[in-house]
Structure formats: C-alpha cells, structure tokens
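Next come two complexes built around chain A: one with chain B, the other with chain C.
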Partner chain A sequence: MDYQQKTVDNVLVVNINLPEASLNQSEDFKKYLYDVTTETSPKLVLDMEQIKYMDSSFIGALVVGLKNVLSKGGEMALININADVMALFELTRLDKVFKIYNNLDEAILALK
Partner chain B sequence: MSKKILLVDDEPFQLRLMQKVLEQNGFEVATVTSVKEALELLKTNIQDLIISDIEMPEEDGFSFRKKLLENKNLKDIPFLFHTSHNKEILIDKGLALKAIDYIDKNTPIVQLVAKVKNILAAVVEQKEKSIHELKLIADKLNLKNVPNKKLKLKNFEVDVFHKTYQNHPGGDFIDFIKIDDRYTFIVLGDVMGKKWGAWFFSFTFLSYIRSAIRLCVFDGNLSVAQIMQRINQVIHVDEFLEDIYSTLSLLLIDDETGSITYSGASDLPLLKYVAAEEDIVQFKSKGLLLGFFKNGNFNEQSIPTVINDRLFLISDGAIDFEAKGVKKTDLGVFLKELKKELNKNIVFEEITESIFNSQKYQVDDCSLIQIKRI
Partner chain C sequence: MVEKSKKLTLEIPIHISSYKMFIETCCDFVKDVDALSRDFKRLSKFKLVIMELLTNAMKHSKAISFLELEIAESKLIIKKIDSGSKFYFSNADTGLPYSFPLTGFGYPSQIKALLGNNYTLNIIVKNENTIEFLEPPEIDYLSLQEIPENFGLMVIRQCASSFHYHYNHPLGKNTFEVILEF
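Entry: the complex of A and B
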C-alpha cells in the first residue's frame, strides 16, 4: 500500500510510501486525504521519510489537503522531510504554510 | 516505458503462459487469480490494459467489468475478455459491457500478442488525435498563456523560453503588460498540477492578474506588493479556484529610470546576473501561495540594473534534474549551468539551447524569462 496509517494519541499518522511523489499519485492522494479527515477537527501527521522527489502536482495535493483540514478546525503536520524536498519547501515558502517537525514525537507533542 | 497489462485468470498455468509471452514482447505484466485481488491491485497500480477470464469461481469476469465501469479511475482502461466459450451470448454480453474485444483461449499466442499490440497502439493514436483537436481549438480561440515573441523596450529586452512537456500544454503562464512607454509588467506564474488541468486554470489566473494590475494602475498604484495582495484577495474568495493554487512572480520595469521592482508568491528566486562580476545574485521574495491565506504577506524589492545586467525568472520545471535514475529538484545545479553559459557571453537562444537540451530531465513544462538591460 502507498499509504499506511496508525493512530498515536488521537493523532492519525500516515506513512507515505512513495519515493517519487508526482502527478501520477496526486489525485489519488488528494482523495485519500479527504477520506481520512471526515471527522471534525481532524489531527493528521504525514510522514514523508520515503519521499525523495516531489513535484508541484503532489505539493498541490498536500496544500489542498491542508486547507481541507484547516477548514474543519483541524491540524496537519509534516515530518521527516528529505533535505532536497525541504530545500524546495524553503525556496517557495511552503515551510511557512505547513507545520513541519523533525520527527513523530515532536509532531505528536505539538498536535495532541 | 513499457505498457502495463493486468491478467486475471483463476487458472495458474494459463496465467504463467500468457505472462511469459507478453513479457518477452516487452510488456510489464501483473497476474492475479481473482477479481478481488485484481481490484485490490488496481487501487494503487493503474494499468494500460486488462485481460480477464470470464468464468472464475468466486466472481466472474462480467461482474468484474461492471465494477470497473462504476469506478471513474478504472472505467477507461481498455479491457479484453479472454474466454474458452466462443458462445455468441457470452460475447454479446461482454461487448455490451464496453469491453473492447474478446480473445478466444484457443487463439494462437502470436495472434494474441498482435491483438494486444494493435489495441494499445490504437489507444495511443486516439489520445494523440484528441489532443491535436483540442490544440487546434485552443489556437482558433487564440488561447495563449505564453507570448510568442520577445519584447523590446528602450532600455530592456525581454526574452522568453517556454518548453511544454511531451507536447502537452501545462500550468506555466507568462504575460507582458505594457501600461505606457514608461511602465511594463512581466508576469510568470505556475499553476500547481500538470498538463491540461493546469493549463485550463492558467487562463483564469491570467485574467485576474491582468485586471488587478489594470485596476491598480488606474488608481495610481504601482506597488507590485500591493498589486499582488489585490490579486491574492480575489483568488482567495473565488470558489471556482478553491482547490487550485498558483505561484507568481511579478515584476515592474520602469523603462525611464531603468529600475525594476519585484514581488513573488511562493515563486523561485529572481536571479540577477551581474555582468561586471560574472556572478549570479538571488532575490528571494516572501509572499505565500496565491489565494491560500487572506493575506499573502507580500514584500517588494527594488532591483537596480546597469547595462548588460540580466535578470531571470524561472518556473520549477526548469530546475528538475535526473542523475543515475534519481530525480531531484535542484536550484544549485541550475545556477551553476546558467552561470557557465552566461560567462560565455552568448545570446539567450544559445543559453537555453545548451541548458534545456535533450539530455535535460523534464517532467513538467518549464519556463525561463530573461530581462536584459541594454
């Protein structure tokens, strides 16, 4: 499976198993994010450790997912972002749009 | 890239035989022995063609086909029935379920491979035909999201390089908006997403940007940061663009004083090649993705220029690279290449030809705008 989920302290943690996160998966991923955040005030952590390359379609899907979570009064955080992907996030100021933490413990502490 | 075929048959021998032959012919073949497994696999692995047996113990091929037709992600995958029952009623039922064709299990294997190749070639041909027709219509309507000629001002020359990805239009959009003999705006945006979907929305963004610029100018406002915020405000409240985001670089050229002001929304840095120092300086903007927040936090930078300085605006497609099978988005690599070319003191066309050659990895449309002080 491309996405594995578990719950830690009432926070849904999703591991994204995609070395290349791009156009081919972005629609599917957007739908997945909608499906797992149907409740009110959803709390979601996306573990990006496996992602080595991300294109703008996939970033678009992440942004849409975040907006959906925020509109429900929820929170979403990203963890374990690869250095190259992080460089792109910083270049385009997306590090100011998303909550980003180094690891799961930090994210859970901030969200729970 | 080889085409992917999914084989569904409850008989393992039949599966292995077909898999071997199709793989020998260059196809990537996945095999499953039940409809349940097939649907599970298709959740994460979309195929180019499905070949399914009809009679299977738990769930038959007709039921499988019906389920595929109900799923919008799967309904358009070409589908073939593979059956040993050459009974007309079965075949009629199958074709009524929009299966492209059926193959008799007694068909010699050479013919089966030929049929599969024909079907996949026909699908590609049909797709290309549709794209060609769409392009013709877009041309007729004069729908262009990139200018087709360079801009010549008194003190500046503006050149555009834009390359589509595999001949599909994309989300990059560029515009020159000349207000009068003194002021000209340069716009570079990139709608997140790819191909036709992004291309379609680029026109909505362009319309908003053009009108916001004109309205601000009418009000005597020439601040690029404030114009950005106006654009951001309208896009933020537009429900039509609710799930669509775009980056934007906005630049105002004052052709009298030679000064340039710049503001950006989640765009890549503006690059300035200082001819005297043979070096590239980056100007990073602060603004966030257009429309995401009510206030996009846009800043404005004034960029002085002297003769022979060149400024560059780029879209993210320009900085994708691939080395040893690993894809990477790397501004540093692009900067190095650009600097190397610029130091040769060659013209814009030669620079782009050298950087965006056939070896350059490309997954997206990419754009580069050069503004040269003359």
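Entry: the complex of A and C
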C-alpha cells in the first residue's frame, strides 16, 4: 500500500510509503488527500520518512492538499523529511508555508 | 592510460517508472568532481535538476528525450534535448501568448513569463530562439491562494548558475540547458 493511515489523538496520520514521490504518483496522491479529508476541520499529519526523492509535481500535490485542508478549517503537518527533500521545500519557499516537525510526537502536540 | 569520458548521454523514454536509476547514474558520473560530490547542498541541487528535467520530459515533451551531462572546467553542463512539443509561455503583464521562434521582441528583452496559474518567472529573450530564465526574487507568500501548484522550472533555476531554453527551428529540437558553476 502506498499510503497507510492510523488515527492518533483524533489526528489522521498517513505514512507515505513511496521511495520516489514524483509525477507518476502526484495525481493519485491529490485524490487520496481529498478522499481522507472530507470531514470538517480535518487534522492530518503526513509522515514522509520513506520518501527519498521528491519532485515539484508531488510538492504541487501537497500544496493542493494543504489548500483543501485549510479551506475546511483544518490543519496539516509534515514530519520526517529527509535532507534532499527538505532542499526542495526550501527552494520553493514552502518550508515557510507548511508546518514541518521532526517527529510524530511534536506534530501531534502542535495539532491537538 | 584511459581517460574517463567527460560526457554522458542518457535516453529518457516517454514514460519513466523510476527516477532512481537516472539519478544514481548521473551521481556516479560526477563522483570524481569533488566540488559537487563532496558538497552535500550542491549535490542535492544537482539531483533536483536531474529529477526536474526528467519530470519535464515526461510531462511536456511527449517524445523520447535525451539527458546530456558534460564536465567542463569549473562547471557542469546539463542538457535535456528532444524533438517534442515546443516550450511556450505568456506575457504575465499583457496576457499575450508566445511560441518559438519568437516574434515581436527587441533583443535582449526582459519580461515576466506566465507559465501556469500563479506561476511566473522573469526571462530574458536573447533572440527569436533563445530565452534565459532568471532567478526569482525571494517571496513570502501572503496568502494561500497566491501559492502556485507548479514549480519545476523555478526549482531548476534556483539550483543552477544559469538556465536557458533554446529552440532549434530548422531541426525542431528543444534544448533546456542548465549550467552549474563551481
């Protein structure tokens, strides 16, 4: 399964099990994010530990997902981003837009 | 004594199932370029350039493309070449669409090119077949709505020392050229 989900303290935690997150997965991922955030004020943490490579298409999908979550009054956080992927967030200045935490505990605490 | 080749050419199929092989092959090619391989930030940017050119090939070229890497003195030249769809853009201020070969410009001219929803880059039109992408100014997004959902060319430009697109009109060939200077 590309995406595994669990609930922790009313926060939906999604493990993205993709070593490469790119154009090939970005449309499916957009749809997945829409499908799991249908409720009012969704709270979502995306665990990106498995992602070794990410391209701009996938980060675009994350932006679409964030817009959707915030439009519903929800919150979204990202955790466990590796250095190569973090470079992409910094270059696109999206490190200032997304809530990024080192681990799940920090993210849950912030979103609770 | 065998001199190691300073040029690498990889064929990019219309659909790529995995980027890993391309990235690893390119990293292996530059492993003896210490200024790149031993500098983590530069190497990260190099990998991002490769990924974005591969994504660009799959998303826009609609044809077999070629990725060329050439090690030159104090720089690395990376080209993505194809005979597929031409690059196009609009003028963000006037809304006028442009395709190659360009007409209606003095040379050089600088304009803000609209590349997608909320997605602009300043470019210099160098001649009817060549444009240079300029480094974007630092942006703090003031609202969520103004954040673009496409970033590919911007990412490449941010990683590069220079970034050009050239259209070979007689041959119908597109070349994106990225230079990383050390």
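A few notes on this one:
We adopt the following convention: the second predicted complex is superposed on the first by the 112 of 112 C-alpha atoms of A that agree within 3 Å, B and C clash if a C-alpha of one lies under 4 Å from a C-alpha of the other, contacts with A are read in each partner's own complex, and residues count from 1 in each chain.
The rule is simple: a residue touches a chain if its C-beta (ideal position, glycine included) is under 8 Å from a C-beta of that chain, and two chains touch if they have at least 3 such contacts.
Quantities reported herein were computed from a predicted structural model and do not represent experimental measurements.
Following the overlay on chain A, a clash is recorded for the pair chain B and chain C. In the superposed model, A:N102 lies in contact with neither chain B nor chain C. Using the contact criterion defined above for the overlaid structures, shared-chain residue A:G60 touches chain B and also reaches chain C. Looking at the shared chain after the overlay, A:S41 reaches neither chain B nor chain C.
Of the two partner chains, both chain B and chain C are touched by A:L88.
Of the two partner chains, both chain B and chain C are touched by A:E20.
Residue contacts after overlaying the shared chain place A:D2 against chain B, while chain C stays out of touching range.
Applying the stated touch rule to the two superposed structures, the overlap between the chain B and chain C interfaces on chain A comprises residues 20, 22-24, 52-53, 55-57, 59-60, 63-64, 67, 84, 87-88, 91-94, 96-97. The residues of chain A lying in touch with chain B in their complex are 1-2, 20, 22-24, 26, 28, 30, 52-57, 59-60, 63-64, 67, 84-85, 87-88, 91-94, 96-97.
Within the complex, the chain C residues that touch chain A are 16-20, 23, 40-41, 44-45, 47-48, 51-52, 54-55, 58-59, 138-141, 144-145, 147-152, 154-155, 158-159. Per the touch definition, chain A reaches chain C in the complex via residues 19-20, 22-24, 52-53, 55-57, 59-60, 63-64, 66-67, 70, 83-84, 87-88, 91-94, 96-97. Across the interface of their complex, chain A is touched by residues 44, 46, 73, 171, 190, 192-195, 243-245, 247, 266-269, 284, 286-289, 292, 297, 316, 320, 326-331, 363-364 of chain B.
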